[in-house]
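Before I ask anything, here is the structure I am working with.
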Amino acid sequence: MPVTRLYGIIPPLITPFDTKGNLSVDRLSGIVEFTKPYVHGYYLCGTYGLGPLMRTDQRKKVAERVAELVGGEKLIVVHVGSADTETAVELAKHAQDIGAHAVASVPPFYYHHSETHILNFFRELVDSVSIPVYAYNNPPRVGYPITPELALKLKEVGVAGIKDSSFDVQAFIDYKVTLGEDFDVVVGTEALMLPTYVLGARAFIPGMSNYAPEIVFKLFKALENRDFENAAKIQYKINKVRRQVQRLGPTIPLVYLALKLRGVDAGFPRKPFLPAPHEVQEILKSYIEELLEGVET
Amino acid sequence: MPVTRLYGIIPPLITPFDTKGNLSVDRLSGIVEFTKPYVHGYYLCGTYGLGPLMRTDQRKKVAERVAELVGGEKLIVVHVGSADTETAVELAKHAQDIGAHAVASVPPFYYHHSETHILNFFRELVDSVSIPVYAYNNPPRVGYPITPELALKLKEVGVAGIKDSSFDVQAFIDYKVTLGEDFDVVVGTEALMLPTYVLGARAFIPGMSNYAPEIVFKLFKALENRDFENAAKIQYKINKVRRQVQRLGPTIPLVYLALKLRGVDAGFPRKPFLPAPHEVQEILKSYIEELLEGVET
Amino acid sequence: MPVTRLYGIIPPLITPFDTKGNLSVDRLSGIVEFTKPYVHGYYLCGTYGLGPLMRTDQRKKVAERVAELVGGEKLIVVHVGSADTETAVELAKHAQDIGAHAVASVPPFYYHHSETHILNFFRELVDSVSIPVYAYNNPPRVGYPITPELALKLKEVGVAGIKDSSFDVQAFIDYKVTLGEDFDVVVGTEALMLPTYVLGARAFIPGMSNYAPEIVFKLFKALENRDFENAAKIQYKINKVRRQVQRLGPTIPLVYLALKLRGVDAGFPRKPFLPAPHEVQEILKSYIEELLEGVET
Amino acid sequence: MPVTRLYGIIPPLITPFDTKGNLSVDRLSGIVEFTKPYVHGYYLCGTYGLGPLMRTDQRKKVAERVAELVGGEKLIVVHVGSADTETAVELAKHAQDIGAHAVASVPPFYYHHSETHILNFFRELVDSVSIPVYAYNNPPRVGYPITPELALKLKEVGVAGIKDSSFDVQAFIDYKVTLGEDFDVVVGTEALMLPTYVLGARAFIPGMSNYAPEIVFKLFKALENRDFENAAKIQYKINKVRRQVQRLGPTIPLVYLALKLRGVDAGFPRKPFLPAPHEVQEILKSYIEELLEGVET
């Protein structure tokens, strides 16, 4: 079932490892169980999901396992971005095989590639599968942006849409203006849901849905009900807590800890990431409580 | 009549010079006449208004003349930002004398100043007048940003609000979250009116209102009527034309030409700015027509 | 006596103000007296000299007074850079009138100007005087660089050379490669004297010569004697202390304090700069002693 | 034979692939044969060598084959940098097993890691082998720099030195000042050999030595003979041609073409890199001829 437009809340699922650094597929079910009622799909092996620092075989196992767990009930988007073309193509084919609805990819990272190289990279991806291929814009991680002009050329080689994690609402508008209605623009954060929803965004990939999916879902419902006043209140609460959490240290390890505090064993991140220090547990707990206050969980 | 919160459309008025580089105060009346029905006030000698490259006596004359022209009917905010404290203070006192409702200032530019220096700069400004003092965040022009944390300290020394030209909606939220309800946050562009309005913004300083005030006003009215669907359409049209205009060359000289095309003699910018080249006249005209299509003028 | 190539140590002289913020021309003689034996000229009203935040009449007074003090014995280069063309031209003419050997100017700051605007700015400067005009590259202060390609166009409109404060030795080479032997490239720091000297640099504008002119002069003499081994030792000492001093706070106020510690009354910087805090006096003193250890003063 | 200080010309060897994207180990001997007389060692699977976009098994094969080819005659440094710790450690152990004299690693890329994570990454590397571990500073590729302060902490966990590709001579000095004599600082480019040699650099990792090893070696010999005047001439020629080559397109594919023009079959780069277009062949040839004019080859 290829999709042409993503919809709803599609969290960038984190990936559980054990203390020895082995992939811990068994822990995926707990995280999926916990988040499932509040999401429309999953974005696998993305930046939150540690895909870019995992082995190819590990990335495949995560996609396989989550596809099994959701059994067609949810959208599955697999991030296949890599430093090289071959790995990305291999992962895209595999994603299609396990029933993913779409794949997404950062442009090849580490090197700052020329437009010719980038277009060829995505052309090979598009040619390797029949499901939609999304480009994923994340300038701080990749080292260079996907400008609207580049996105237009990506559209011409068959890219179906973009996941934008630039945190730049003007860029969202520029994409829409430049790329037209038949190119999907998905917002890669919970921090800008209201301001982009009113501009037409309907799909979101929010890291916070890993550990507080209820509040993000509540915001999405307020948006769908056009209750923008209430949406603004929730948006402000989300962004306030986001900032507080970011001050505690690197975000990704904190998500594992936050899940533990929510009662879900998400294991540990892969190295070079290290588990969040114990000292932040109490304060993180209070932030989550603040976030969920008044939200049915 | 000190205000505590700005409201509405307050364009950053451009400043007319003659071909010899002399200030052309006489031409101000035409621009004010043209824009007045569609604005709630004027922001004088800002970045669009060329304040930072004008002589102190010229900046004063502009403030005096516009204050005369609007005779209390409109909000007057005078930008007094300078590389040095003395000039900014002198301009602030003068602004108060001619009846301005507020002053605004970039942090001192050219040098990258320490927090201590910046706080002292604004403290002296605040102490020199009884009208509200706004800080003006424009990182590309100034060389450094006003972070929410710095803004909080500015609030403590008496700064009333911020004019944010960072084009960063997340920063808008961060300011609101950090600074609370008793600190005004004004949006320094027409490009983000809808996404910031739904987040609580009620005052805008849009350069486009110099030459197409009708469309910006129409957007503001749609926002005030909570007609966000129509607002989105207008917002997209505005941003599309903005991008087109920006591709023609430096924006500020184009505003003078656009006014001429609208039938208003706005003179010329001050050097080092040069008049926009004749070649772009026809294409600029077509952009303006696209912008105003279906708008009552 | 127009020069076509600058030579030697030409410190960017700081400008003394009194506690009320008034220019204190009387204090200039002490600073000149202190530095004169160890320098070949003075660079006036540059970034160290606070020119970009001084009034036009103040900038002129500094140039007049220093010209009087050195009476033709030393090179005088007056920095005339401003946000606007008119002020820069006025200052350039004045510099020529008081006997300066050359003027220098940053490209117009605050706004990020187009190439056309920048070239016109320098063309007007060149046309206004018969002494050489240098461009001054300082990207962090100005907001944009003078690339070698832009410098080549500046050369074509008559610019005689460049003062480069980019701290980028590769840029120094690129300038030389692109601009040829008949375009002067002057290094705007003491931190890179050895590595640029071996590449052909013969003129330096070192802020440290304000308060420790002996050590910079000693380095220059070692370079002129091709004693690169000793030069490396001095260069390392200079850079080590530079870093230590920079950690104490904003550099410019520290220079005033350092001069006081050397027995020279240099007054105070102009606001928004504030005097360096008393607390750093002892540690700054020890750094200066380290710097001058073994140097005849 | 662990080394404690690298010495001489140690080019970042490119890695040959065939047109199908398979590693072409057979072609390595031709490149090694061609360069061997003019180098002191090889830096394998670095940025030029495409290590960060190769599979782990491919990276190992390159190290094995080159180790065989040079049979202990040359220094072998293997770059093991990766997005994850496990891969880097695996490659470091393998490098030690095949007789490498040292390993080097960028800090983990893609994510912007905290200091704690970076230090732990290098600690694990150091603990996994008995040969020296170098850190490799390449901010544009990695997304963040190794500051002198961070390098000092890396030294404390056992890192032996740094390969600096920041193109920043002041950073070279800062490293030396901060890290002391018992920490090696290696310069990662041919573009700054003279200015860093006079500051104490004795080892260089120059990409140009892949296709014009004679000229880089000639520069090194001039430096070793303290013939800095001649060295400056060669340095200028090198940098001039570097700039010309860079204007032809992405550098890495051009190196493969340049080797072909020198009569060495280096195959092709790995995708997303694509072979340099045929059109540039003639002009590239003329640049190489300019570079080698008057150099014995």
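Here the chain labels run A, B, C and D in written order, and each chain numbers its own residues starting at 1.
As a convention for this text, a residue touches a chain if its C-beta (ideal position, glycine included) is under 8 Å from a C-beta of that chain, and two chains touch if they have at least 3 such contacts.
On a predicted model such as this, the values are computed, not experimentally measured, just so you know.
Note on connectivity: the fewest chain-to-chain touch steps from subunit A to subunit C number 2. In terms of the distance between Cα centroids, subunit B is separated most widely from D. Because subunit C and subunit D carry the same sequence, their contact can be compared by residue number, and over half of the numbers here are used by both.
Rounded to a whole number, the gap between the C-alpha centres of subunit A and subunit B is 37 angstrom.
Here the spacing of subunit B and subunit D, counted between their Cα centres, is 51 Å. Counting only residues that touch two or more partner chains, subunit B has none.
Every pair of chains meeting the touch criterion is listed here: A-B, A-D, B-C, C-D.
Touching subunit B in their complex are the following residues of subunit C: 21, 47, 52-55, 82-87, 108-114, 116-118, 120-121, 124, 140-141, 143, 249-250, 252, 270-274. For subunit A in complex with subunit B, the residues that touch the partner chain are 167-170, 173-174, 176-177, 191-192, 194-196, 198-200, 226, 228, 231-232, 235-236, 239-240, 243.
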